[in-house]
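Two complexes come next, and they have one chain in common, subunit A, joined by subunit B in the first and subunit C in the second.
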Partner chain A sequence: MSENVKAVRAYRRNVALALGLLLLVFVLIPVFVKSPYILNIFVLVFYMSTLSMAWNLLGGMTGQNSLGHAAYMGLGAYASCLLITKAGANPWLSAIFGMIVVGLVAGVIFYPCFILRGPYFTLVSIAFGEAMRQFIINSTFFGRASGVGLPFGRDSWLDFRFGSKVPYYYVGLAMVLLIYLLMKKIERSRMGYALRTIREDEDAAAAIGINPTKYKIMAVVVSAMVAALVGFFYASYIRYIDPDLMVQAKSTESVLPAVVGGAAYVEGPLVGGLIMIPLSEFLRARYSAMLPGINMLLYAIALLAVIRFRPTGILGWYMHSKTKKFVDEKLLRKPPVEVFEAVELQKHSGKEA
Partner chain B sequence: MDIFLQACVNGLLMGGFYSLMGMGQNVIFGVMKIVNFCHGEMLMVGMYLTYVLSTAFGLDPYLCVPFVAVLMFMLGAVIQHTLITPSLGTKSFTNLLFLTVGLGLLLSNGALVIFGSEYRTIPTSYAQTYISLGPVNVALPRLISFCVLVVISVVLFAFLKYTTTGKQIRAVSQNPVGAEVVGINAKRIYILTYGIGTALAGVAGALLTGFYTIFPTAGASFGFRALIVVVVGGLGSIPGAFFAGIFLGLLETMVALFISPSYSDLIVFITFIVILVVRQMIIIRRK
Partner chain C sequence: MLKVEGLRAGYGAINILWDISFNVDAGEVVAILGSNGAGKTTMVRAVTGMVRPTAGSIQFEGEELAKKSSRYILDKGIVQVPEGRQIFTEMTVLENLEMGAFNKATRAAFSQNLAVAYRHFPKLQERARQAAGTLSGGEQQMLAVARALIGMPRLLILDEPSLGLAPNIVDDILDVASGMAKRDGIAVLLVEQDITKALACADRGYVIENGRIALSGTAEALSANEHVKKAYLGI
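Take a look at the complex of A and B:
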């Protein structure tokens, strides 16, 4: 219906406007905010949101719920760090090297694993993450449990090494933006449609000529490469990595922004990350001396509340509220595709909702 | 040879716990087709419950087991009724998955907030008592725990096999719609199964306290091993879960004995991935 089309167009315009304004604000923040603490939180938001977007490509878009993204991130960090420390390579080149290595590892390891569906895939991703962590802990080449440190020195763009947080802030912002545009591109491409078809019904996707294994491998490789990029960024920022980077809890943490924000949307992880991470950091700084774990407790409560009451996430909630007048209230609890179907059905039957 | 026998017995005794955890997970997974990612945290809650009961009332940890079972059953039933049943309706696997992940986070961080991160133990007079069985020495608490959990496994097996409620649970696990058609209240069965699952995890926790330290992330490794047990032992099979748990315990100690203790986790995870993939390949072949 034309009203539907209008609503969608108006929504897209609003989103573009809001994103443009938001970007301007983010570019200007370091000019006005000098506190390293605040800037640190923003850098954290940037790389966690990027990691979450990487998860979202596989989890939200393809429906393969991985719980091993911390392992890709850790592997990427290790691959680039070791190339820097052992071979003295340039950090930017080693970032590319790390991404390629992790992409290959993910592709090769998950190729046989994609015959597994649903919960079994999740189990393999957990086992893969833990196996990688145990492997690094036991390997002298990877520095065992004591980790790898990157050299300190004077500020330099070539070595991606700074005393101040401002350059990291801008690189982080650029990374988020780049990955967001990449995800948006994927979402609108043939691959994006194929992935969403696989998410809804793998057998049906195969029946209409989409090769599920091929697209799932593509998704897992892209997702792992983005996670490896985040790993490189993290390593350059913190300048020290250890196997604790890859613990199971970190994988869970990387999923939360996406699920809270709305896993069906590319913007979901950004929304979730912007809301959840500053809140979590605030609680950590404020209460962790007295009550350790309070920030993760809040994370857990937010996650449970969102899943229980607004299963499509914050963004899904907002989107539904925009289309509420077309859709039955009960549908708010269903995944977006079902809502879409219901709208279509109503359109064809000509009934008023 | 003596070391080998000792390792076998240790593996067997530890494997019993994996079996018990796996059975709880198996019941839940079999009936609702959801993976309970907070199963390990339920074990941890059981440990802290035992700790609280035994320090507050001076009860022996093993006497706490029935109370822990009842309390954990109630906790599981409440969680199922308020959180999981409503989300089952959305049929979104992602949401169900992260619901249990979120519950796990809630429980482990809740324990961290309430009890702090220090390691706790429940001191008992018999903690350091060893019994000699031929060439093998067995710690008394481990032996008692193992006997108790064998009894529990047998009771659970009989319950699912012979009682009416057990038959109803199996009916729902095989075909929920068909079960509803013949007049079984599926929601009630869901509550019952989740309660039983959490109670089993809690009991495993209570039995562990005799010789294991209590800390907020104590359950994590058991939780994952429970999933391995379900996959290896076969869906819905209680004897399968029992033997898979024992197998896992033995595998761990054998790797620790013949290769290196630090590799046991790595080998367990890799074995798991291989078993999963090979099993799926066999299933596809058969079709």
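Take a look at the complex of A and C:
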């Protein structure tokens, strides 16, 4: 085994260990932290990071800048809430129902839109979000502008209803973990590679046999379904939803953690969410009483600084300073002819190269 | 191997190609020549299934491909090196090459094909870990050709390989292409504006003008043709 392979394995072990420790810390936080305010911030971090991971699949990995993710989240919240309030369905089943509905809606609406590229796709996604919001505001079935409330009652896992924030904290953490693993899986799959090539150059992707439309639809459907799951979580946590859930600003908020942390990295939204959301909450708590709006101003300055000085995000900056692309050094170090002969030899001796 | 007959294609209401017919056999380099806007790239796009032909037939080893998807055509072994290189600049050289084996059919033989590609273009091996965007123009074109080789072409289509490259690099790339035709028996379709270079490398050629085949013949005959001399070679 070459030195390099050992180094790669050691590195992977260290990363896995660090992530494991981090997870342990998060699992233990509610044991020591009792303040509902702090726990609320963590819950916020969890679901906003998940929403941002959903965005990142489409915006970061595929390069299709969507500014309509609040609409998917809102539709997911509405679909599951209405099924609970109008049909008395179980919340967990309603979550799945909401995800399927939103996935279908996103796939059907964006299928014809994917002939549009770049800014045109972004414009359509903005229009989609606003159209959905207006539709709900004007629809009696969806409760118009007054929204939909979920019933309160005794704590129950079956109804996903709790007085304390701790269960939401753990479900939120599980959601982050689950979606992170899903995204990691997608990134390493054929689909992940196809999405990366589409981000770089759609025509070149088509030239090597990748069907860009097919993979973009897959990305938009998965992304919308994850956003719908976040919508369900949000509705169950806040226990009330209204069309303001789908305003444009919310869509932008779903983009920020990914951009700050490093779009195109699966971990980007997590890093960004962990930094930006507590920062936003801190600024609000600390400064908004002094001068109204000053917290938003400071937040904007922090954001501009990242975009100006670290356009690839925190992770992008870190990765560039530390190249972590490992390939088979053994193959690289040998002179070319030798490699060829080695392969030829193996071929003739009937062994797999 | 490839037999195109009466091919018509275009974009929407605008027809670009009118009754194009030509053929390419195994082990042969065939040049498709013509100036800007003659319809060369549209022809490539029609053959690779990226533009749907409105009439005519495209037969590859006896199979009709005119209505097939680009993915299916690629699986049959028609691999193109698209115009303007179109490599993935943010991916490493090696990752670019891996993408050449995106289709299942060629994945099992990836390491053999990689070695072959490296043998043809040793520079790429030296730079395997580099982002492809940091390569020079010539190296990027080599990478585009190498990526096509990984896809195990039976018919390799080179669309304007000379675009923006130094003449000696173009020669290198054309040498690799004609070497593969002669040695491995693959068919090469060379689509070029640089007629001198193309005819020096090709066995036969077709001249496209305004979407129609204006002339055809062996490379020698075309080089000697008065019309070709006057219109394209400036002699």
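In the analysis below, the second predicted complex is superposed on the first by the 298 of 353 C-alpha atoms of A that agree within 3 Å, B and C clash if a C-alpha of one lies under 4 Å from a C-alpha of the other, contacts with A are read in each partner's own complex, and residues count from 1 in each chain.
Just so we're on the same page, a residue touches a chain if its C-beta (ideal position, glycine included) is under 8 Å from a C-beta of that chain, and two chains touch if they have at least 3 such contacts.
Computed from a prediction, not measured in an experiment: that's the story for all the values here.
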Partner chain in contact with A:193 - subunit B first, subunit C second, else both or neither: second
Touched partner set for A:248, first subunit B, second subunit C, both or neither: first
Contacts of A:301 with subunit B and subunit C, given as first, second, both or neither: first
Touching partner for A:139 - first (subunit B), second (subunit C), both, neither: neither
Contact breadth on subunit A, by residue count: subunit C or subunit B: B
Subunit B versus subunit C as contact partner of A:206, first or second or both or neither: second
Partner chain in contact with A:14 - subunit B first, subunit C second, else both or neither: neither
Interfacial residue positions of subunit A with respect to subunit B in the complex: 59-60, 63, 65, 67, 112-113, 115-116, 118-120, 122-124, 126-128, 130-131, 134-135, 137-138, 248, 252, 255, 259, 263, 291-294, 296-297, 299-301, 303-304, 307-308, 311, 333-335
Complex contacts: residues of subunit B adjacent to subunit A: 29, 33-35, 83, 86-87, 89-90, 92-95, 97-99, 101-103, 105-106, 108-110, 112-113, 116-117, 216, 220, 224, 227, 231, 260, 262-263, 265-266, 269-270, 272-273, 276-277, 280-281, 284
Residue numbers on subunit A that touch subunit C, as the complex places them: 190, 193-194, 196-197, 200-201, 203-204, 206-211, 323, 325, 327, 332, 336-337, 339-340, 342-344, 347, 353
In the complex with subunit A, residue positions of subunit C that touch it: 48, 50, 69-71, 74-75, 80, 82, 86-92, 94, 98-100, 102-103, 111-112, 115-116, 118-119, 122, 125, 128-129, 147, 151
